[in-house]
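Input: one structure, supplied below.
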Amino acid sequence: VPLADLTSWLDSYLKIADFKDWSNNGLQVEGNSAVTRIAASVDTSQRSIEDAVASGANLMLVHHGLFWNKPLMVTGPHRRRLQAALDAGLSIYAAHLPLDAHPEVGNNVMMASALSLQHTAPAFGIGQMGELPYELTLQDFAERVQKLTGEICLVHGGGGGTGVHKLGIVSGSGAGYIEEAARLGLDTLLTGEPEHKHFHDAFELGLNVVYAGHYETEVFGVRALAARIEEQFGLPWQFLHLPTGL
Amino acid sequence: VPLADLTSWLDSYLKIADFKDWSNNGLQVEGNSAVTRIAASVDTSQRSIEDAVASGANLMLVHHGLFWNKPLMVTGPHRRRLQAALDAGLSIYAAHLPLDAHPEVGNNVMMASALSLQHTAPAFGIGQMGELPYELTLQDFAERVQKLTGEICLVHGGGGGTGVHKLGIVSGSGAGYIEEAARLGLDTLLTGEPEHKHFHDAFELGLNVVYAGHYETEVFGVRALAARIEEQFGLPWQFLHLPTGL
Amino acid sequence: VPLADLTSWLDSYLKIADFKDWSNNGLQVEGNSAVTRIAASVDTSQRSIEDAVASGANLMLVHHGLFWNKPLMVTGPHRRRLQAALDAGLSIYAAHLPLDAHPEVGNNVMMASALSLQHTAPAFGIGQMGELPYELTLQDFAERVQKLTGEICLVHGGGGGTGVHKLGIVSGSGAGYIEEAARLGLDTLLTGEPEHKHFHDAFELGLNVVYAGHYETEVFGVRALAARIEEQFGLPWQFLHLPTGL
Amino acid sequence: VPLADLTSWLDSYLKIADFKDWSNNGLQVEGNSAVTRIAASVDTSQRSIEDAVASGANLMLVHHGLFWNKPLMVTGPHRRRLQAALDAGLSIYAAHLPLDAHPEVGNNVMMASALSLQHTAPAFGIGQMGELPYELTLQDFAERVQKLTGEICLVHGGGGGTGVHKLGIVSGSGAGYIEEAARLGLDTLLTGEPEHKHFHDAFELGLNVVYAGHYETEVFGVRALAARIEEQFGLPWQFLHLPTGL
Amino acid sequence: VPLADLTSWLDSYLKIADFKDWSNNGLQVEGNSAVTRIAASVDTSQRSIEDAVASGANLMLVHHGLFWNKPLMVTGPHRRRLQAALDAGLSIYAAHLPLDAHPEVGNNVMMASALSLQHTAPAFGIGQMGELPYELTLQDFAERVQKLTGEICLVHGGGGGTGVHKLGIVSGSGAGYIEEAARLGLDTLLTGEPEHKHFHDAFELGLNVVYAGHYETEVFGVRALAARIEEQFGLPWQFLHLPTGL
Amino acid sequence: VPLADLTSWLDSYLKIADFKDWSNNGLQVEGNSAVTRIAASVDTSQRSIEDAVASGANLMLVHHGLFWNKPLMVTGPHRRRLQAALDAGLSIYAAHLPLDAHPEVGNNVMMASALSLQHTAPAFGIGQMGELPYELTLQDFAERVQKLTGEICLVHGGGGGTGVHKLGIVSGSGAGYIEEAARLGLDTLLTGEPEHKHFHDAFELGLNVVYAGHYETEVFGVRALAARIEEQFGLPWQFLHLPTGL
């Protein structure tokens, strides 16, 4: 598949132009003009680039790209990353907020669907809210999340024994949305990465918060997007599982 | 001791006016006009306010105060915090960056001293850098830090087996300084709270990073400041240990 | 009436969310959860809070609230105001620009109606413009305004003998709108508070300006809003008349 | 005297380049190249320009000039002002904050001197603070100010009977400095123009405030500056007294 | 024709209020109240003002006016320009971006029409894009442009021999749009003034660029606008040809 | 020579850290760790990179680098430039304003020296001012400049016959400094690139302006810097002459 066709389809499917995002969404590195195999990774790192190349991919889809709205000197780690990609003809396509918020393959709709959420609606800018089919205890809910991600969750039982029924979901770093979750009348927020400065919010606002990991809550989007590309263009793909433990 | 005398001494000792800090340093809540007992706490929370009152304190020193540069409606948790303090006549004095950076009682100089750092110098805006008297393995260094804080550290051995000799210290949330630590020629950074987005920096720049906890690295300043006040004014004090695990 | 029901109705009726106002519109202080009596005041001051409490009110509606887009240390007058309100369980609900501009109970439509203005239309962002049924001399018009407010007006006859027919109205501090009033083809502007720096505008642009007082032009909104609440919820209310002479 | 020599001396004497002022200090309109007579006026208005021309002046010194940091279309009143000045060859030299703050001819040092203030020091950015030789009652102090300006003052006795001893002075619109005056330990603030929004500050902070008029507190600087020019260059001058009552 | 009628018609016809332009579009100088003759000029200069006056005009239409979003002291050249206009009662009406972008008399639609462009559409904010009826060699195209403007073009054959078919047009200083022209799939950009810093763009993006002169590409709008006014109001007019060679 | 030694010396010699420049001064691309040969070029272009590689250089000094304060996607021309440099191990070191303003090898001091200017002083932020040993006619001066650069100058004789004695020099795009040159009492400004919007300044302010070309006035710095490096480190170098005609 010509790279230009693929990026043109991605730009449109992910509505890249609609997002004012500090992460420079879109084709960040232009490699070979023909794409025959895809790798999907949460992060862009020296390791993920090398693994992508080793897998035979010539396009890597990532959630976290190389640029965050300021120019980087092509020195040190950034030079090594670029050189590894350019030497191998590996293109890198980044989709940050567009892939959190996407209605079909976004991190948050994917989790909402995996947890069988009902009456879902967008919330928190990029997230989702909805209801579990029936209320679970916080412990049981955390176990379901752990089955989904394969990792232990950090559980802050601010709800004081309240079960989980009305749920908010924000992939990545969403502790700052605890207050909005309370205002929306939710009982529980599922997000990725905790922050000390928002620790007390859950307990003083009476909300349960389940932290499932920044990395763990952001694997869904890139995988679903790669699968969607396979469906559209017939390209084989592979997910590079490189967890950070954060 | 008259509250006005104490706050005037604190404003001067901590050089409050020199910091353009988004945390509104200084006397945030004015309680009884006479101070007879002090409580010291890392955070301002409903729990820390109630514990301070229960301890008989009429002034609470905190690192993280109530305000972060925008007005809060006096509703919900903020109302409950304010009401608890005002009802009990408890003053709250906050010192954020001034207490990270302070040359005598700052979180970072206190840690540098506890770790016997030599040739210390200010770095990272609010932190410190220096050398251990002799090189330690990363494992041994982490154990020394754990003895100091009483909590397990998260260790990212980006140095690839390099020992710890030239050390940077940044209390709280300092993962964003990994790059500056490498530029300064350090081998190891000790900080508080990790962030997913800086995970790869340590490994690609070849730096060891020891994350000792946001809370755990910020207990030093308020304790030392309370002790300094006791020395100056003869007031009894107590540290409120309310860890967040973050 | 539950406080939450009342504030929810007010937020919607006043379209609080539509205004980007530096005065933090909405519930600024949360008092008792049940509201049985209302006080209405132009300003929030120690005196108005104490009078509201003395009147038996547990909710005070104000045009000028406690916060103007920056955090205030809870010390001095601000602490005394908050403590007086919190001790008495008095809620404070502020509506600044939303109550100037409101189409039913706004300060400006209320004045336009009291002056029998015809063909009215919004103008000056928050104000009104329209025509008197028949032209009045400037002197006669000023007397009508004085009857309405009960206070002497300051009259700047920039129109040089022109009568009053096409009128602009801006409650509060509206001298900066003289130029816009001239551009709109009006002959007279009625506003509240004069400013030296706009003195010459009236005379050089040939416009009459009647300054009826900042306070005096802003009593209409809070009174009408309280009456509207009485109509909706059956709550008794009282206006606290605390003029500033400005 | 050549206009260029005069403006060069003024720019230097008033330290025009040191002020980041929104009023475009300096020579705003360039008239005849030789200056033979000077007019001094607080404001630039059609009337003051015409009076200056009628007095035979070819340079008018003003406190409030034509420009306030944005371009004005040369239409309406602005065109008439410019045309009147250009037709008559009248130069206009404006000094706003530089003439409030000047240590010799500034509005505030002139008032401090006229009131026999002792131990004076700069304060409030452009103002002065100091002590009266002996304490006066607020009433007696207001009378002394009235003798100085020739106009009635508005007196807000926030001090609750406290006399006047430690005094702050801010020419023009200084009600916003009441809080700083209290923090500086002053008992009384003398300024020009009141503002409704600062009305309660005086009463809740316990400070006396004497409002002597925006215009009335700003006549001193331009008069003193004109006298200083006469001393330096021997040029005759005249003050144009055009009060606004504000 | 009354000046007010003419400016009101111009403001509406050119949609002046829709442009946030740093050039202060609209009536910049108000001269005689009756307009009997019009001059049209690309620039406002001492020379163009004097020529306009000499031609008997009392209104000059310009593309580049006197003000660029900051106030100018009325000294030196600016004073001489204003005085010349005011002395002669000459009004100056400026239309910068509104006259580049206008769909009937804009510089860019006028050029597109003169070059017989087909399938035209707005592009580059203020410009046009479209197709020549049949492809020309770059040399032939440059000659057609030269016939249109009467001046030699600077031709950068970045297309490497590609002919001219899909054309972008940006009057004035449009070298910064070369990248956008390439993204739009055009083969050639016609603009006015070259810039060193965009020199390499044409050659590395493979685009032909024809620089026809800043002045030469901006004569069309003011001439067409003057003709349109003649049609509407019957006023005689004259174009002042004062090229800069740039 | 180790690349790190060279860049460290350059950063210090050019005082890179003192410039807040939008061009990302310093080592922009990190190539081979050992430098054996240097190329010097005004611009970074595909052509200059390829010529540098062809010359055997492993470090290219440039005045205009790759980045201008915003991140560039590594696609199209930018990818080709980076790939060409990285493939060849070519480092790119950029010095924009630091090399205009440098007191030994800056573009402006080099030109001042070549023109035998006396009593030189810094001016225009990055430029120089001084006096010719004796006055030249504008024509003779332009010829001296043409001998220096080897290219025809564009001469704007705004001085109306005035000769050249007091000269200002600003390399590159300096037409915006005509006004400052007049204020400094100079008779002539020598700069690089003309701009239509400053055309009239020279003529209305009575200043001669000689435009010697953006490229032509910026060859001095990189050549002198390369020679200085040769002196310091003994490295051979070559200037890549790639004029733009602008």
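Just so it is clear, A, B, C, D, E and F label the chains in written order, and each chain counts residues from 1 on its own.
By our rule, contacts are C-beta pairs under 8 Å (C-beta built on N, C-alpha and C of every residue); 3 or more make two chains touch, one makes a residue touch a chain.
Fair warning: this is a prediction, and the values are worked out from it, not measured in the lab.
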If chain centres are mean C-alpha positions, then the most distant from chain C is chain F
The distance between the C-alpha centres of chain D and chain F, rounded to whole Å, is 49
So, in whole Å, the Cα centroid of chain C is separated from that of chain F by 61
The distance between the C-alpha centres of chain E and chain F, rounded to whole Å, is 32
Chain F residues touching 2+ other chains are 76
Among line, ring, star, complete and other, the chain touch graph is ring
So, starting at chain A and moving first to chain F, the ring lists as A, F, E, D, C, B
So, in the complex, the side of chain D touching chain E is made of residues 24, 26-30, 66-76, 79, 82-83, 86-87
Chain F residues touching chain E in their complex are 43, 45-47, 64, 76-77, 80-81, 172-173, 192-197, 199-201, 203-205, 214-215, 244-246
